[in-house]
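First chain A sits with chain B, and in the next complex the same chain sits with chain C.
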Partner chain A sequence: MEILARQKIISDLLPKKFGWKGKIWVAVLILICMIGIFAYIRQLSSGLIVTSMRDYASWGIYISNFVFFVAISLVGSLITAVLRLTNVHWSTPLTRIAEIIAVSAITFASIIIIVDMGRPDRFYNLFLHGRLQSPIIWDVIVITTYFFISLLLLYFPLLPDFNIMLQAKKEAGNRFNKMYAFLGSFWKNTPKQKKISRRSINILSITIIPVAFAIHTVTSWLFATTYRPGWDSTNFGAYFISGAFLVGAGAVLVAMYVFRRAYELEKYITIDNFDRMGKIVVMLALVYLYFNVNEFLVPAFKMKKTDADHLLGLFTGEYSGVFWFAISTSMFLPILILINRKGRKPFPAFIAGTLVVVGSWFKRYLIVTPTLLHPFLPMHDVPESYRHYFPSWEEWAIAAGSLAGMVLIITIFARIFPIIPIQETIEETEKHEKV
Partner chain B sequence: MNTNDSSRRDFIVTGLLAGATLTGCSSRHNPFDNEANTMIRPSGKMVKLLSVNGEVIEVDEAFLKPVPDLPPVSNTEARIGIPGKKFVMVIDLSRCKSVKACQTACNHAHDLNPGENWIKVYPMQDAEHTAPYWEPTTCMHCDEPPCVKVCPVDATFKREDGIVLIDSDRCIGCRFCMAACPYSTRVFNWEAPQLPKEIAEKPYSCETSVPQKIGTVGKCDFCADMTRKGELPHCVSACPNGVFFFGDMVEDTVTNGAETFRFSDLIRDKAGYRLMEDLGTKPSVYYLPPVNRNFPFENKDDQQEEKKEKIKS
Partner chain C sequence: MRKFKYTVLTIVVSTFLTGIAICQETKNNLILGLGYFNDNNQMQYLKANTKTKVSGKFTQVPGVSLSFYISSVSPGNLLGKATTDDKGMAFILIPPAARDEWNKSPKQSFLVVSDSSKLYDAVTSSIDLVKARIRIDTAEDKKIIATLYELKDTVWVPVKGVDMRVAIKRLDGDLNVSEAPTYTTDSLGMISADFKKDGLPGDTAGNLILIAKVEDNDTYGNLSTEKTVPWGKVSKYVSNYNQRSLYGRRGWSPLWLEWMAYTIIAGVWVVLLYLFMQIRKLKQLGAQV
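And then the complex of A and B:
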């Protein structure tokens, strides 16, 4: 990183107003969210009948979307905690991007799970009558914990930045000063405060790792604790976690590219950052590939009767198109692109990241639905529509609305707060100078 | 519930309510003064009741108000079950020819929406060269119920008498139980049940499973209300071929209404078995193998379904 003066860094990194592109972007996101809300109102008034879910495919894209959100949120712990604790400094400019992805994704994970409930009006029963033996209650507990730790990990490193923003308020002419003052005016940058903050961040970074593993392992147990072929697997926890790190890292690549372009952050999110993140994605894709081999090839070697229908449906049957699309876009293609040095340049890395994210979304769909349509007893004594599943427009609208909502939170966050940590960047630069 | 054969319990409950009114009212508010009871004329028929104080009191029958919508049993009672019982079902596959009278009776008794079936009658064939047979399935009322394990709010529960029930007033509609049940026995109310007003307004009872509610899960309840009355579940009494036997494992008896067997003898002599024993769910429903059959296997069902589909499209 080239050496930059403190003032230059601050003026570069302060939040900026949306340009016309930004305004259109936000308008489109809000529109998609509104359509999603409209579809949900329809669902609330007529019930889940507006979806295509029926007794066999009793979980659909809401649940696969939920798994996707939980997966993508894991990246917060990877970038902020794992890399921070291992003293990796190149990831400093990426920490806040990763953490806001985590917070917004986990928020929408909770929202989408309420959308999936038949009786959202009875949500309070989870607290009134919650039974600890149900994996759903484990999920409620760990997701809430993860949400708050992530929020704190987002908030603490912001404190010195509030201070900087308040000092620079005249230059920036910022309407958000009141909020900054409310959130961070107690921060005086004293050595004592800094020490407390550093220690808290360290403690949170350590605690978030087991909690992050827990949220996705427990999410995998929602499936693995049942008997169904395709879910009844001891591999599921590790399979989910490795996939989650992969999709999260892919999302960071995408966000890095977009923010770099939109906010002219070339000096801060460098080519070197893309190079290193690209290598991480290759490694994570290989790990995920390893767990996929375990997940599919071992049962396929035996072809137990109950597994056979499910597996053949994926390999050569009605889901084979989506299956091979998901496998190649989430693993094979990104590995092929990112394994070359040229592939780790910003634009190809962005393409690879997009492929990972899109492929992973469909991969989650394949984890949820095909299994439900291969029950132990044949599908019988039900209307014909129960035998297949293709999401209704309401389901697509709500799923798209939730994804747009997540991106909207990230966009608005970047409008209000510096998306690259200012204080930490200054410190890194000063360290650099001393060396 | 029919008021004429009003069970003793109802009578006592109503009596207790009347008793409570008696003791709970001060002289200022005497429910028996003329003002309060201008509409009611004493019939002269006196009824003996037990008051909350434990005194036997006499009240004119006319003052007893019928309580029409009182649930048959309280939720707590319905969750405990009938002490000292362990209900069990035996399904004799050699007698089934898929008449589906069981299904019709069940759907009618529980006011299920069209297309919803708690009892399914599967045409089964285990392998290419093995014999096809009909396999009716109810809820297996497992002793290790996977659905109960995963329910986050204790909406589905296992009773002392072995019956697994659903509290539709508590169910949040997460459908985890449906994913967990290997027997695909659970049915979801995707839309509002189409019920006559008087049924829809009844308070829900876990034992009758009526009325079904939108956004909640339903399933076979072993007709817990019937068993409490000492009567047979609707599927058992509806089957013209006596396929279903129902009874109590503690008494070691099962009956289909016409024939009664010692449960252990029946299972031993006819080599009874349970479905998916390897999963360890320990069902309360036993099957007798389809040997020495009463009827040949004829799958008219498929042809009919095909016709229906043609008509629909």
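And then the complex of A and C:
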């Protein structure tokens, strides 16, 4: 990294007002969210009948979205915790991006699961009358816990930056100063405070790893503890975790590129960052590919009747288009792009990251729906609409609204708080100078 | 021109007649079967089945209206009407009103007539049978003795040379008491079977129901008689409703699971609480500066 003066770093990394592009971006996101809210109001008033979910496909794109959000949230533990604990410093500019992705994703994971409920007014019963034996309760517990850990992991490294932002009041503008003061005016950068903060971040980094593994393993168990073709697998926990790491890393690639361009952060999010992150994505894609081979080859080798129906539906049947699209975009193409040094330049890496994210969303759809439409007992005496599933416009609108909501949180966060840790960047630059 | 008119007229008439002929020919043959059943020397009923040949295969015919008669097809002898179900079957209980006709003779005829419809012509089927009954007894060493009697004039006499099955009544069928599928009655009309299914679960008192049957016999129809014997194993229903298990209800999870889950949850949340306390501590330190 080019050696930068303290003031220059602060001035570069302080939150900036939206330009016209930023305002349009926020307006579009709000519009998508509003359409989603409108669709949800329709669903609330008419019931789940406005969706295409019926007796067999009782989980649709809401649950696919839920799994996607949970998956993408795992990136917080990868970038922040794993790389921090292994003393990897190149990831410092990416930690906050990863953490805000984690917080916003886990928030919308919680929201979308309530959206999937026919009677959301009864949600509190999950807490009052939950069965401890049910993976659904484990998921509720672990998601809540992960949310708080991610929030703390976002908050602690922000404390020194509040101090910096309060000192640079004029530069940053007074609009958010009250909030900064409320959140971090007590931070005086004393050695004792620094020690406590450092220790707390280390504790959080250690705690978040098992919780992050738990959250995605438990989500996989929602499926794997059910005896159905496509879900009846002992491989599911590892399969989900590897996929989650991949989509999270892909999302970081996308966010890195967008923030780098939007906030002119070329000196901070460097080509080297893309290169290293690209290598991580290749490794994660290969690991996920390995688990996919396990997941499909073993049942395909045996071809039990019900598994055969499910697998042939994916490989050559009704879902083959989506299946091969998801496999190509989430694994093959990103590997092909990022395996080259040239492919790990910012723009190709951004494309690869986008492919991973889009492909991974469809992969979650394929995990949820085709299995539900291949029950062990044949479907008898049911209307034709029960045999297929294609989301209604309300479902698309709500799903798109939730995705836009997640991006909106990240966008607004970057408007209010520094998206790259200022204090940590200064400290690393000073260390670099000394060396 | 006239020749042409006659030609057209001939074609129209012949087409019309051919159509009628085809319509008449499309009626399929209905095969009607009738069976007589006497359960436990008490409940008597008739069962009819309907079949037809479609593309060379026999197929059951549902929805056929049938009229059942005793002795002869006459309104006074009508036992009842029934319609065949999805399996092409229909049955009626022989009503008490037919008692006088039944008591007239040791032999009896039953008839069933199907209603004529667009698809099938009316068909009649009948059975002639000799009234019979089975008696079932048990002896020492779990021996089962069943005797078949037929009615001759006014006297019940044993019948020789009829195949009989002895079994234990189970929920979804009958289980033979020994390896032999059937036994043939001797000159005293008796068969003797050894019970070889020790350890078979019975009811809460260990009771089993033995059943002796004559099945699809041309002379006697279908007869069966039951007897309850205490030869089974006592079955006690043990409710697991109040047992802790992974499939138990709320609040009844296994203790090991509760211990593990609550320990993990408490462990993680104690760490989180500690961290919240650290924020408080940071505030206090900041206030001191």
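Keep in mind that, in the parts below, the second predicted complex is superposed on the first by the 434 of 435 C-alpha atoms of A that agree within 3 Å, B and C clash if a C-alpha of one lies under 4 Å from a C-alpha of the other, contacts with A are read in each partner's own complex, and residues count from 1 in each chain.
Please note the rule applied: a contact is a pair of C-beta atoms (placed from the backbone, for glycine too) under 8 Å apart; a residue touches a chain by one contact, two chains touch by 3 or more.
Remember, predicted model here, so these are calculated numbers, not experimental data.
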Fit or clash between chain C and chain B when superposed on chain A: clash
First (chain B), second (chain C), both or neither touched by A:Ile141: second
First (chain B), second (chain C), both or neither touched by A:Arg42: neither
Partner, of chain C and chain B, that touches more residues belonging to chain A: B
Which superposed partner A:Leu159 touches (first chain B, second chain C, both, neither): second
Which superposed partner A:Ser200 touches (first chain B, second chain C, both, neither): second
First, second, both or neither for A:Arg276, with chain B first and chain C second: neither
First (chain B), second (chain C), both or neither touched by A:His129: both
Contacts of A:Arg415 with chain B and chain C, given as first, second, both or neither: neither
First (chain B), second (chain C), both or neither touched by A:Arg261: neither
Touched partner set for A:Arg387, first chain B, second chain C, both or neither: neither
Superposition clash, chain C against chain B - the stretch among 163-171, 253-261 or 271-279 that is involved: 163-171
Common ground on chain A, meaning residues reached by chain C in one complex and by chain B in the other: 129-131, 133
Touch list for chain A against partner chain B, complex: 46-49, 51, 53-56, 58-59, 116-120, 122-123, 125-126, 128-131, 133-137, 140, 222-223, 225-228, 372, 375-384
Touch list for chain A against partner chain C, complex: 129-133, 138, 141, 145, 148-149, 152, 155, 159, 185-188, 190, 192-193, 196-197, 199-200, 203-204, 207, 211
Chain B residues within the chain A interface of the complex: 103, 115, 117, 120-124, 137, 146, 149-155, 170-176, 178-180, 182-184, 186-192, 214-217, 276, 279, 309, 312
Chain A-facing residues of chain C, complex: 246-250, 253-254, 257-258, 261, 265, 268-269, 271-272, 274-275, 278-279, 281-283, 285-287, 289
